[in-house]
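Given below, in the form of structure tokens, are the structures.
Each of the two complexes below includes chain A, the first together with chain B, the second together with chain C.
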Partner chain A sequence: MDRAAIIGVGMTKIEKAKVGETFADMAWEAVNKALADAGMTIDDIDNVVTTSSDFWDGRTISCMAVGDASGAAHKNVSCVEGDGTYGAFYGMTRSISGSYKTTLVTGHSKGSQSVSSLITNAAFDPIYERGLGMDMVTACAMQARAYMHRTKTTPEQVAMVSVKNHGNAQKNPLSQLPMKLTVNDVLKSEMVADPLHKLDCSPVSDGCAAVIIAHESVAAKFKQKPVWIKGVSFCADSFFFGDRDLSRAKSLTEAAQKAYAMAGIKDPKKEIDLAEVYDAFTYQELMWLEEMGLADDATAGKLLEKGEFNIDGRLPVNASGGLLSGHPVIAAGLYSMAAVVKQLRGDAGGYQVKKAKTGLVHGVNGLGGQSHCVWILDKDK
Partner chain B sequence: MSDQFKGIEPMVYNSKINVPYSWWAGDTASKFFITLRDEKKIIGTKCGACKKVFVPPRKACPTCFTENTEWVSVSDEGTVLSYAVARRQFAAIPGDKKAPVVWGLIKLDGADTAMLHYLDEVKPEDVTIGMRVKAVFSNERKGTVRDISHFKPVK
Partner chain C sequence: MAKRVAIVGTGQTFHKSHRPDVNGQELINEAVVRALNDANLKMKDIDAIVIGNMDHFEGINYVDCWSVDGSGGTMKPIIKLTTGGTTGCTVAIGGYHLVGSGMFDRVLVIGWEKNSESDTTGAITTAFDPIWDRLVFAGAISGLAAEAQAYMARYGATDRDGARVSVRDRKHAMNNPHAQLRKEVTLEEVLASPMLADPIHLLDVCPRTDGACAVIMASEDVAEKICPKPDWIWATAVRHSYSYLGDADYGRLTSMREGSQEMFKKAGIKEPRKELDVIELYQPYSFGGLIWIEDMGIVGPGEAPQYIWDGNTDMGGELPINPSGGVISCNPIGATGLIRCAEAAMQVMGKAEGRQVPDVNFAFSSGFGGCWWTDMILHGKKKPK
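Take a look at the complex of A and B:
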């Protein structure tokens, strides 16, 4: 298979409410930042993939509304509904398809403009489930309960994820919620949906991110150091909650193993230097790490306590501050991807980790992690 | 990004999306709802290959990718696999429910999958994983998932 690399990234600051920018305005900013980062002009881009969600955007065919601002005029533009990592997957396949060489991928959303409970409630099956009134928060509360029960992970351990990630965000100027917290602050914050406190949940956020993915034949043609895609896979579990073991993420284990195999990784605990994982809720960081084999089963909470996932630990996790510190849904996975790209280039500034050769990016789609997308990126080809 | 917009009052266009929509329940869910409404019984579909019983019923087995041809009755009692408690009155919660609202993931005896529904007649603090619960049917049944009012603890 031909190879591809990420040669440019651009992100808006993540904010609670971007009152000065429309969706297209955010895309304009992120796209121009990515082009500048890559040392490219819009004419160097030969196709565009936008990532959005109609419900979150409050319109149908939402992908077409940001095409102009993404420089898609006269280009082949296509779209993905879901997390940005899935848009990037499509973008990568286009770049290595033989039809295109450079793909611009964007992802945007504005949580501030809608009522997230109603939007995420609409993800439930309309015939059997939706009328019961669950949403993403209560769905994940149910999963948190199942995971913590099975693994004996404590509320204190889960709260430490919030302390760590909000703390890391203090070094990331793009982050929405940099905070110096204690475990007690998290446990004393409002109980939103047991066992999730307010500070166990990611905030409502606005933002747009863009990445440029190039075929290997042109990856070194521009200014930026390419970051190589070594492995990538996504897998999905059953749609209905009751069909799955909610305390597990079987599809994540499958996706991770496939991505590791593609990248030639035999011992992920040793070979992966850093990870940005989808921490929409605190417990998820621990659960996803275990399901990806980056921590042994039911041990992630204990390893976190030992500092293993700190910025200076064995495996820095969400050194950027993660999604707990700013969660523009849909764009989220592209922010994580851009954070890992910056780490591998040595450009992460205040949140730069020491050893950064191989990094993992993780994106999620669906309620309680129905589907997972795992990327292995590397400094070297 | 530029200073020319400094100090401009942010304007908002307030609106709402309100599009009537009707989902045909389909033959499989229709049979399930009719049986709930008329007989106060919970039924599922069974996969001919792996023998898994699906509640709520699906036409096809996602694992075997074969059509579920057999209908089976399951118990109105089951076990709580997990649960969630809404402390806030989230916007998605129906108007007749007031926080705290408790939802359970309930595996009925005779079923291999679990279904979501309300847990009630129990304090949120007293709900546990593994708890045995029983369906309470609504007095007025209209052929929806809420023909089951909620599940209550088995005494």
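Take a look at the complex of A and C:
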């Protein structure tokens, strides 16, 4: 199989409400930043994949709003609906299939113009579940309970994820919510859906991210040192909550194991230096780490307390501040990917981790992590 | 391509205006089971799934996740691609790249729509810029009427020329048990049908349909083991150049011209009129059947009406177009482009039954939608070099 690398990244600052900017304005900024980062012009890009959601954008054919600003005119183009990690996956296959050499992938969202509870309610079954008033927050509250019950993870341990990630965000100038918090601050914040407090939940955010993926034959042709895609896989679990063990994520385990196998990773705990993990809610970071085999079962809370996931710990997790500190849905996975790319290039600035050879990126689609996408990126080919 | 890609099985529902007997997952499942049976495969043989529709028609968010009970996606990689009317062709091109990359050997591609659950025009209207375009160009038909008017003004075509295309497609639909509308019409009936948006009469335009389509693609390593005579995908091309309706060149379909030039060049096709054997065109209204085949390079600008009056695109003609009856006989939007792909594949594989065109070496299928966008696929009997 041919290989591909990420050779440029660009992101807008994540903000609560970009009132002065349309979807296209955000895309224009992120795309131009990615091109500048890669040392390319739009003429060096031979195809484009935008990532967007008609629901989150309140527009049918939501990709239409950003096509011209993403430089897709007169080029081959497509659109993935879902997290940015899935958009990047399709972008990568377009490069390694031999069809194209350089794929520009973008993802955007304006949470400020969205009503997230209605939008996520529409992801539930229309007959059996929507009428119950389910949305992403209530669904994830159920999952948090199930996970904490099974693993004996404490509310204090869960709250520490928020303390750590908001703290890390203080070193990331693109982050929306850099904050110095205590566990008590989190536990005393407003209860949104028991056991999730306000500071356990990611905020409403606006932002756009872009990454440029190149076929190996041209990966070294431009300015940046390429970051190589070593392994990637995605997998979806059952749809109905009653069909799943909500305290588990077997589709994540499956996707991670396939990505490790593709990357030749035998002991992920030792071989992965850092991870950007989907932390829309605090408990998820701990749960996903265990399900990916980056922490033993029911131990992530304790390891967190020991500082293992801090920027200077054994496995820095969400050193960028993660989604808890800024969560433009859809674009989220591309922000995580760009954060890992910067780490592996040594460009992460204040949130740079010391050892950064191999990094993991994780994105999620659907309710309570029904579908997961796992990437292994590496400094070396 | 890293791996050459072939279509090894297809399946469609029997499309209807309203399918209250099934929910969305069940509708999808009908097409999936038929495609698996056609390829003699089981769900466990499928490595990944690509699915697409238009969210605002059914009002279901995260369709990739919601659909797994119908699509068979549980504990498999499933990804959603959506580009509006072009979606069905977009997902086919997605499957092509997933297999072509070498990541997967067998990919199931699904397009579906349950238009009976939607306010179709209301949903389409939200596609356009809320300030500049939305109030002027509501839904799909107004833009199409503007295109037809521009073409008629430029080239002197008439509404009778459009009606002739409608007569052709509706006659062809009689041969396709899957088509929703199977009733022959006369030229006079088309012209006497209610005027929707001048010059488009009711019988010039597509219906709203409930339906699903599934296509199984396989890599060159396994394709011929699954299907002795698969449909090889030779090339694809896509143009979604415009975001604003005002940017388009009305009367010409630039996306079709640029895309087909690129695709024919990639495949080494110099004279599409002679080298193509059949076309399944995403043609949601009759005038598109005139304008767009000129942009495809089948005939020159303004020459399509005479070419079509001479019977060249009828069954038995030089280059039959839409043997299935096309989009004006059946339009489950998210599935429509994939039905074109499946019908073209069936023509190449010799499986098109009553609508079979003899000796198909090359077939063309397309998707149309968005803001004058076109996606396209070239299908061939021989394995590409």
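Throughout what follows, the second predicted complex is superposed on the first by the 381 of 381 C-alpha atoms of A that agree within 3 Å, B and C clash if a C-alpha of one lies under 4 Å from a C-alpha of the other, contacts with A are read in each partner's own complex, and residues count from 1 in each chain.
The definition used in the following text is that contacts are C-beta pairs under 8 Å (C-beta built on N, C-alpha and C of every residue); 3 or more make two chains touch, one makes a residue touch a chain.
The structure presented is a predicted model; accordingly, all values stated were derived computationally and were not measured.
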Just checking: does A:Cys235 make contact with chain B only, chain C only, both, or neither of them? Give me first, second, both or neither.
second
More residues of chain A in touch with chain C or with chain B?
C
Applying the touch criterion given at the start, work out whether A:Ser162 contacts chain B, chain C, both or neither, answering first, second, both or neither.
neither
Which of the two partners, first being chain B and second being chain C, lies in contact with A:Gly58: first, second, both, or neither?
both
Once the structures are superposed on A, label A:Thr282 by its partner contacts, choosing first (chain B), second (chain C), both or neither.
neither
Which of chain B and chain C A:Val115 touches, first, second, both or neither:
first
Give one of first, second, both or neither to describe whether A:Cys79 is in contact with chain B, with chain C, with both, or with none.
second
Answer with first, second, both or neither: which of chain B and chain C does A:Thr153 touch in the superposed model?
neither
Give one of first, second, both or neither to describe whether A:Tyr90 is in contact with chain B, with chain C, with both, or with none.
second
Which partner does A:Pro126 reach: the first (chain B), the second (chain C), both, or neither?
both
Intersection of chain A interface sets (partners chain B, chain C)
58, 120, 126, 238-240
Of chain A, residues touching chain C in the complex:
1-2, 24, 53-55, 58-61, 63-69, 72-82, 86, 89-90, 92-94, 96-99, 119-120, 122-123, 125-126, 233-240, 250-251, 254-255, 365-367, 370-371
Residue set of chain A touching chain B in the complex reads 19-20, 29, 58, 115, 117-118, 120-121, 126-129, 131-135, 137-139, 141-143, 145-146, 149, 190-194, 238-243, 246-247
Partner chain A, residues of chain C touching it in the complex:
1-3, 54-56, 59-69, 73-84, 90, 93-94, 96-98, 100-103, 123-129, 236-244, 258, 369-371
So in the complex, which bits of chain B are touching chain A?
1, 5, 8, 10, 12, 15, 17, 23, 25-26, 29, 54-56, 58, 62, 81-88, 90-94, 97, 101, 103, 105, 107, 113-118, 124, 129, 144-146
